[in-house]
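The following blocks contain the structures, represented as structure tokens.
Each of the next two complexes has chain A plus one more chain, namely chain B in the first and chain C in the second.
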Partner chain A sequence: MKDAFSTFHPVVNFTYFTAVLLFSMFSLHPVFQAISLTCSVLYFFLLGGQRATRFSLLYLLLFGLFMAVINPAFNHAGVTILFYLKNGNPITLESILYGLASAAMFMAVIMWFSCFNIVMTADKFVYLFGRVVPALALVLSMALRFVPRYRVQIRVISTARQGVGRDVTNGSVFERARNGLQILSMMATWALENAIETADSMKSRGYGLPRRTSFSIFRFDRRDRAVCGVMLLLVSVVFAGAITGSSTMRFFPSLKLPPPNVFSSGVYCAYLALCLLPVIIDLLEELKWKRIKSGL
Partner chain B sequence: MKIKLSKNKIIVAAVVVCVLAAAWFYGGNYCEKAAEPGQNPPAGTGITKPGEDLPPVTNEMYPPGTDPDAETGEQPAGRETGMQGEPGVFNGGSSKSETTEREAAKNAVNHADATPKTEGSQQQSNPAPEGKPAPAAWQEVTVDTASQLTCSLTVRCDDIFAHMDRFNQDKLEVLPPDGVIYPCQNVVFYEGESVFNVLQREMKKHKIHLEFVLTPLHSSHYIEGINNIYEFDCGELSGWTYKVNGWSPNYGCSCYLLQDGDMVEWVYSCDLDAEGLGGS
Partner chain C sequence: MQEQPLNAGRPGRRTFIAATLLALVIPGTILFGVFCLGDRKYYFISLLIMLYSMLPFALVFERRRPEARELLVVAVLAAIAVAGRAAFFMLPQFKPVVAIVIITGVCCGAEAGFLVGAVAGFVSNFFFGQGPWAPWQMFSLGVIGFLAGILIKRGFLKKERLPLCLYGGFSAFFIYGGIIDCGSLLMFTPYFSWPALLTVYVSGFWFNVVHAAATVFFLFVLSRPLIEKLDRIKIKYGMLES
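Now for the complex of A and B:
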């Protein structure tokens, strides 16, 4: 399925991800975390498909588990003592839960960033920041493309070397190691040269000069305006909730959730709507397409 | 690419400078903000710069009008020897002026300088005053479980009530109303055990929370929190200190081997240099 949210104006995409990432980073409330984590996984599933989601979930779960174990090993605050470590420090329920909460937060942030990387392509990024901070935008977009490009290039070199019997799969252990290192050294040379070439080429095209115009296919039209309005409304509701403290909770010395009331449940609904926004847009687009197709 | 000095860049630079300046003025001067006239002296005076002379500690520590012994003096004689005998751990431990206050405070609370290996200390750690035990190498001491001795133990944090404005509001629920976490009572210990061993055993026995960390630099355990009241919960200079027979040793609690009949007090101090460290 083609993602409809990616076709919106870069400003909408960028604002959305900034808001969602910030809320995910600063909220420790279990409801907020559950919403953020499930929605990010759901959206990533729509964007990347089943295999990518399974892969990243597996690694994230392992890492989250690690974080959840590490926290109580070093943090012993909390009133509910479960048992004592061998060195005499207590393991408390609060520190375990805090470890789990921070692990969930970490996972949600990583998932949102994975979505961000797919949606915010280099052209959108340069479109947004090419005028304000040209050098930084170029460097950032180059850095973001670095790893995928590196992977492609390493495959190219490896295939060529395989043809002359000098790949990491050829020869004894020592020869393999030497071949691998040689490939790495070629990669480094290529990367440096490539970076300089890119910079030179951008300069020769007048990138970053004041009067230069550039072509872009982005237009801020009516549907962008509508989505932007809805988004800003939701963000302000959630922000008001965060200021009044219903987005976070206290872990130490004892667990304490903010008292639930009508306003906080409204905030949760707003947050759910905000996190589900891209998924809802995608579904609406799909429905519309189906309707048009059946009408033909 | 040549760096051009455009208007935007100058504005950005100015904004950055402004933010840094604001941050500098806002934070870091905690001690000066906390000091109110007539009450506790600014903590900054407690850290003596390398060149300054130490002896008139009493004048420096306490503004005229407040009697240092009036606050905490259980045993004025013990305090007095301490004051004259040694200029205080704080001064000895942090003779380099780079040592931040927070760090210095932490060093000084309850593990002090058992072994004078601190990078910053140019002078040797001051020896224990006469009549007081020298820091012991507790790792080499064997505990003799056959001989049971008794000492008295108290854990209290009533100093917080004098500084409620600084106290971490989240911790109000673990603050006992009378400030006594563990009322004074006689406890049994074995020969060769340190203040730390007794505290740990009693806290565990009475299900009172205790967090500590072993600091190899001082070869002692450092008590971070008792009953969920932690260091820094009542301002940057707060933390747990201990006294034996009214004297605050200038070394860590694991290095103090107890004698029969000793009186051990664990006290939460909100103003470290004013109360615990001026060589008291």
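Now for the complex of A and C:
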């Protein structure tokens, strides 16, 4: 299944991930954490498929377990003492739960970042920041392009040197290392010379002159406006909830959850809708596609 | 249009902007963290502080309207650093990135050193996965390149193998390792404590030793040819320091 959320305007994608990441980093409330973690895993499953999800989850669970153990070992605050360590430091229920909560938070943040990685491709990044920091965005886009180009050039040089018996596969270990470094050195010379020529060519074509136009394949259309509106509404509801304290909980000295009421359950619903937004968009797109196909 | 030398940045203005920004905004952020967030969001606050300290470089670089040649040299060096990291993917921590960033700082000045470090950190995250560690890598690599440029200008560092290797090993172990390990601690425990930091440093010790050794090795092998190449480019195309 192709991800429909990725086809939205980069501003929509970027705002969405910023909001979700910030909320995930700031909320320690169990309901918020459960929503964030579940939705991020679900979305990553849609994006990356079963194998990638299983691998990431396994890796993250191990790491989360490690964090959950590390926290009570160093943090002895809290009133419910379970037992004492050999050196006399107490292990408290609060610090264990806090360790679990921070582990869940870390896992959610990493899962959201994994989704971010797939959705926010480099061209979207360069497009977004090309207006704010044009020179740095140009450096970024050139560097991104150069890396695969240098790999190709290294292959070209090493094939040529293989012909005269001076490749990394020829000779003793010492000679191989020397040949490898020489290939890198040739690549660096070629890259620098090439860069200066590109720069001169850019200059002669008027780089840096005023009234420059930029190439962009992204258009902020009606669909983007609609999703943007929904997103901003949900974000403001969740933000209001976060300010009034329904997104967090107290761990030290004793556990205390904010009392649930009508408003906080509204906030939970809004947060659930926000975190599920890409999944909902993908499902709607899939339904639409199925309907059109069956109409044929 | 006048050709601008590669390190024609006005350190006076950058220092001024940076100083005022940092003097006002950083204490403000820390106070905001203490009073509004209950002094628990160490990761978020440190992230903000790092972004502030990187901002002046970006602003000065943009305001100065850099020449195409400057942009290209920065992009090429950052890409070489990332390609080098990719080339040694089978050896964990054995990477030439710090060495290339130091050589840039030495040859092209502190500003270029910072930019190459930060861009290399950012770009390598596109190839190896974005995550909450990206700003820490960008910041520490940038600082290493910036310091190399400052030290060579003040005459504390020479364009010779031995001092460069010493600085490289030192900076990879203490600056890069110190900042990244602290960052990973704040990333996975929102509750900061000195014994926990010590544990992280102890567990990361051998990784940092390998990284420092790799940096010394690459500086030993690469510093002379790469510095020669950069100097040659600067002479050949008239990007001489004024």
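Everything below uses one rule, namely that the second predicted complex is superposed on the first by the 219 of 296 C-alpha atoms of A that agree within 3 Å, B and C clash if a C-alpha of one lies under 4 Å from a C-alpha of the other, contacts with A are read in each partner's own complex, and residues count from 1 in each chain.
Keep in mind that, in the parts below, a residue touches a chain if its C-beta (ideal position, glycine included) is under 8 Å from a C-beta of that chain, and two chains touch if they have at least 3 such contacts.
Just so it is clear, the model here is predicted, and its values are computed rather than measured.
Contact with both chain B and chain C is seen for A:K203 once the two complexes are overlaid on the shared chain.
By the touch criterion stated above, A:V79 is placed in contact with chain B alone, chain C being left untouched. Contact with neither chain B nor chain C is seen for A:V11 once the two complexes are overlaid on the shared chain. Contacts of A:L42 after superposition on the shared chain: neither chain B nor chain C is touched.
Of the two partners chain B and chain C, it is C that touches the larger number of chain A residues. In the superposition on chain A, A:L276 contacts neither chain B nor chain C.
When both complexes are overlaid on chain A, the residue A:L144 reaches chain C alone and has no touch with chain B.
When the two complexes are overlaid on their common chain A, residue A:S254 makes contact with chain B while staying clear of chain C. Within the superposed three-chain model, A:A135 lies in touch with chain B and with chain C [touch as defined at top]. Contacts of A:P90 after superposition on the shared chain: chain B is touched, whereas chain C is not.
Note: residues 135, 203, 208 of chain A belong to the chain B contact set and to the chain C contact set alike, using the contact criterion stated above.
Of all the residues in chain B, the ones that touch chain A in their complex are 1, 170-171, 173-174, 200, 204, 207, 209-212, 214, 225, 228, 230.
On the chain C side of its complex with chain A, the touching residues are 1, 37, 41, 43-44, 58, 61-62, 65-69, 71-76, 78-80, 82-84, 86-87, 115, 119-120, 122-123, 126-127, 129-132, 187-191, 193, 195-196, 199, 221-222, 225-226, 229-230, 233, 237. Listed in rising order, the residues of chain A touching chain B in the complex are 76-79, 81, 84, 87-90, 92, 135, 203, 208, 250, 252-254.
Only residues 25-26, 63, 67, 70-71, 74-75, 98-99, 102-103, 105-106, 109-110, 113-114, 116-117, 120, 122, 133-136, 138-140, 142-144, 146-147, 150-151, 154, 181, 184-185, 187-189, 191-193, 195-196, 198-200, 202-203, 207-208 of chain A touch chain C when the two sit together in their complex.
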